[in-house]
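Two complexes, one shared chain (subunit A), two partners (subunit B, subunit C).
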Partner chain A sequence: MSSTAGAPTGGDVLKAPNVIEYPFSRTTGPVIGAFMTGMREGIIVGIKGADGRVIVPPQEYDPVTAEELTEIVEVGDAGVVTTWCWVNEPLTDQPLDRPFAWAMIRLDGADTDLVHAVDTDGDQAVMATGMRVKARWLPARPADVDTEADGGTSAGSDDSGYRVGHILDIACFEPEGVPE
Partner chain B sequence: MSDVTLPASLQGVEPVKSIRTPARLDYVYTAGRASSRFLHNVANKRLVGQRCPVCHKVYVPPRGSCPTDGVPTEEDVELAHTGTVTSFCVVNVAFMGTLMEIPYVGALILLDGSDIPIMHLIQEVPYDQVHSGMRVEAVWVPDDEIGPTLESIRHFRPNGEPDASFESYKDNA
Partner chain C sequence: MRDVAVVSFAQTHHAREVSDINEVEMLMPLMGEALAGSGIPKDRIDFVCSASSDYLAGQPFSFVMSLDAFGPWPPISESHVDMDGAWALYEAWVKMQMGKTDVALIYAYGKSSPGDIRRVLSRQMDPYTVGPLWLDPVSMAALQARVGLEAGTFTVEQMAEVVARNRRAGATNPYAQLGGEVDPAALLAEPEFVAPLRKHDCPPITDGAAVVVIAAGDAARELSDRPAWIRGIDHRIEAHALGLRDLTRSVSTEQAAARAGVADGPVDLAELHAPFSHQELIIGDALGLADGVDVNPSGGPLCANPIMTAGLIRIGEAATRISRGGGDRAVAHATSGPCLQQNLVCVLEGE
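Moving on, here comes the complex of A and B:
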């Protein structure tokens, strides 16, 4: 843990910013690990449920029968918005620093929805249930870039700007058909 | 758990086994009247505690009331810049955000005239020579850096006096 106290301000009664950070990391296990490995490799994977449905992100146990699931399958990195919520004032550490949508996205080949941000250049009128969106990936990390340069305090990926094995290796989704 | 089967695109690549999930809490701390008065005094290079009217103990930093008797503490008591180490900890583990080189010593220091120790660093002495009963004095930052924060005291250091008797700090040992 670290804590940073800023300079006090004010008159008789003092106030000061006080930030507390916990640099947690967690082990993923093989199933979530496969999803995170896919993020780093620039693909999205789910897992075959007991009834053959594809669950994205993959779960370790079937949500209906509770049996262990093992068959990781690749799905598309584009899909359909099934529902969404507009964010007028993004918070620090959210994926975008301008107004955007949190959306449930039914990826091609998936039978469940993935939550992610959709960037429409701040234009809410572009958002619609049923619209097609595709992932905007961070670039792959070049072989000569150190993977451990970051102290591990940043939210999301490691701030390197490259894919590291994190949900924010997808910077966001964007309407399909937007030119690169 | 049984082994998972991977699609071709994930076979033969190094698996991700852990992810970073940092948490951050962003507060504005309001010191309150008692602590603010204490810190304003620190900014003037003074250490001022408060005495309980019932048990007569002197608290530093004062919180405005006595935790034992539940009454307001209103009598200010100016304290010396010297004190006695009641207890200490040699820190051998570097943690995120620390500026200190390890090993270093954090100690509870009973300022002369007070009845509860404050926590601060002991420097200018090898870490393995710090001990309970050691007499220490405050080392302040340069005057132009002093402000309403306990960091205005850079650290404590031995002041050369003989050790205090156990009797003098036994209530805080």
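Moving on, here comes the complex of A and C:
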């Protein structure tokens, strides 16, 4: 047991990179698919739960009754921050590479909260529960760009800088009222 | 129901980084301690159940190799969960209820040091709407903490008290990674890490492993002078998406506690798998623990948090205290998933 205690041996340890790959394509189905299609069009949709509340992002099954849900509902792309935290040192691949807030956002017309990043130009003092934020969308893909260039199998944000049907079609949220 | 008891427990001296030995080498001394060290012949084990995560090892079916720590020859009956070891213990308990097994060994291990545990754990989220954000568990816990703070469910002073009490207890636990006297006021003077959380509100990053042996009926009485009987055990799960839950409560812990019978008698001590300080307050409320219950006499996950293992350690710590006469009735709790999504509650009693 005592052999497991103590400091690492540092430079003597053999290390090698290990890249985990998932070489499959998946279809997103009628519910998540509707959400992603909406994202590509610059529209956020939720789904009506068994108790009538609007769930965003939409779920395929009711979280309480497990009923299959089908009624897609459009909600706003702005809303109210219900809680937030402040990230001084973003981790690799997080939406922003400078200090930002994570927030749970109750979009207009929704009854549940969406989690996303909020950009305040690195100013924590701007953040407050109850503040209004709006989505900062990527631009739509121009008509002359070949949408099938990747075989139509793009499983995520394709780094084109255009909306592709992905949660990061919203680059982040920002305080409402910020000039374009 | 068959009576089942915890009869043996062993754990590593938890550390930030154990890079000089592999998982099998971490586990082998524990197997010896939990079996030979407790007078339990290895051939009495008729079921082995393990818990680990391939995401930590970076390799599919990584747990298969860890069976070498037990030695699967002649062929053994075994199973594995990609969950905390508390759920492996639950599986073994269910198998005992089926009458097929009398003595089971459960082991769990987690080495977080080879990777970035915050990024690794972000992979447990919804792969469509959350995963691509790389939202990490510290940030999620911080979102939860602010909900509770602003709702008045708890205060930052209470959170600092939780940290100070656990660290004080950790100093008495030779296996803990952290421990010592800290002044709650001094903790609050430290800068925020992922606001509103400070670093000490978060669990340490830990490499560690644990082994528990459970036995049914007369086998338990034979193998332990004072078995810690599992009088109730239950686990419940809530929705995955944070936006669908009341983050100030742990409804699944309330449900599991009711089914495990926590309120059926006085509780002497509780070992709570609440990795973040405010979560201990939420879980304590959900379990309905009275004032005066000794919470986390081991120092809890704020003093050592080996992933996939810290929940099983709670059961082992609580059982060990009962077996040594340090209490008659204990509650052990384990959690899994983002912001206390899934919770297991186990009631242990001496005879």
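Note that the second predicted complex is superposed on the first by the 146 of 180 C-alpha atoms of A that agree within 3 Å, B and C clash if a C-alpha of one lies under 4 Å from a C-alpha of the other, contacts with A are read in each partner's own complex, and residues count from 1 in each chain.
Just so it is clear, a residue touches a chain if its C-beta (ideal position, glycine included) is under 8 Å from a C-beta of that chain, and two chains touch if they have at least 3 such contacts.
Computed from a predicted model, the values in this text were never measured in an experiment.
Of the two partner chains placed around the shared chain by superposition, subunit B and subunit C are both touched by A:18. Applying the stated contact rule after C-alpha superposition, one finds that A:45 touches subunit B and leaves subunit C untouched. Of the two partner chains, subunit C is the only one that A:91 touches; subunit B does not reach it.
Touch criterion not met for A:135: it reaches neither subunit B nor subunit C. In the superposed pair of complexes, A:166 makes contact with subunit B and with subunit C alike. In the overlay built on the shared chain, the residue A:36 is in contact with subunit B and with subunit C. By the document's definition of touching, both partners, subunit B and subunit C, reach A:28. After overlaying the two complexes on the shared chain, residue contacts for A:57 are found with subunit C alone; subunit B is out of touch. In the superposition on chain A, contact of A:72 is made with subunit B only, not with subunit C. 1-5, 7-8, 12-13, 18, 20, 28, 36, 92-93, 166 are the residues of subunit A that lie in the contact sets of both subunit B and subunit C, per the superposition on chain A. Interface residues of subunit A facing subunit B in the complex, by the touch rule stated above, are 1-5, 7-8, 12-31, 33-34, 36-41, 43, 45, 47, 60, 68, 70-74, 92-93, 151-155, 158, 165-166.
Those residues of subunit C lying in contact with subunit A across their complex are 10, 12-13, 15, 17-21, 25-26, 29-30, 33, 58-59, 113, 116, 118-119, 122, 126, 128-130, 132-136, 139, 142-147, 150, 192-197, 207-208, 238-239, 241-244, 247.
Taken in their complex, subunit B has these residues touching subunit A: 1-7, 9-10, 13-33, 35-37, 39-40, 95-98, 147-149.
On the subunit A side of its complex with subunit C, the touching residues are 1-9, 12-13, 18, 20, 28, 32, 35-36, 55-57, 59, 63, 82-88, 91-95, 102-104, 112-117, 124, 129, 156-157, 166-168.
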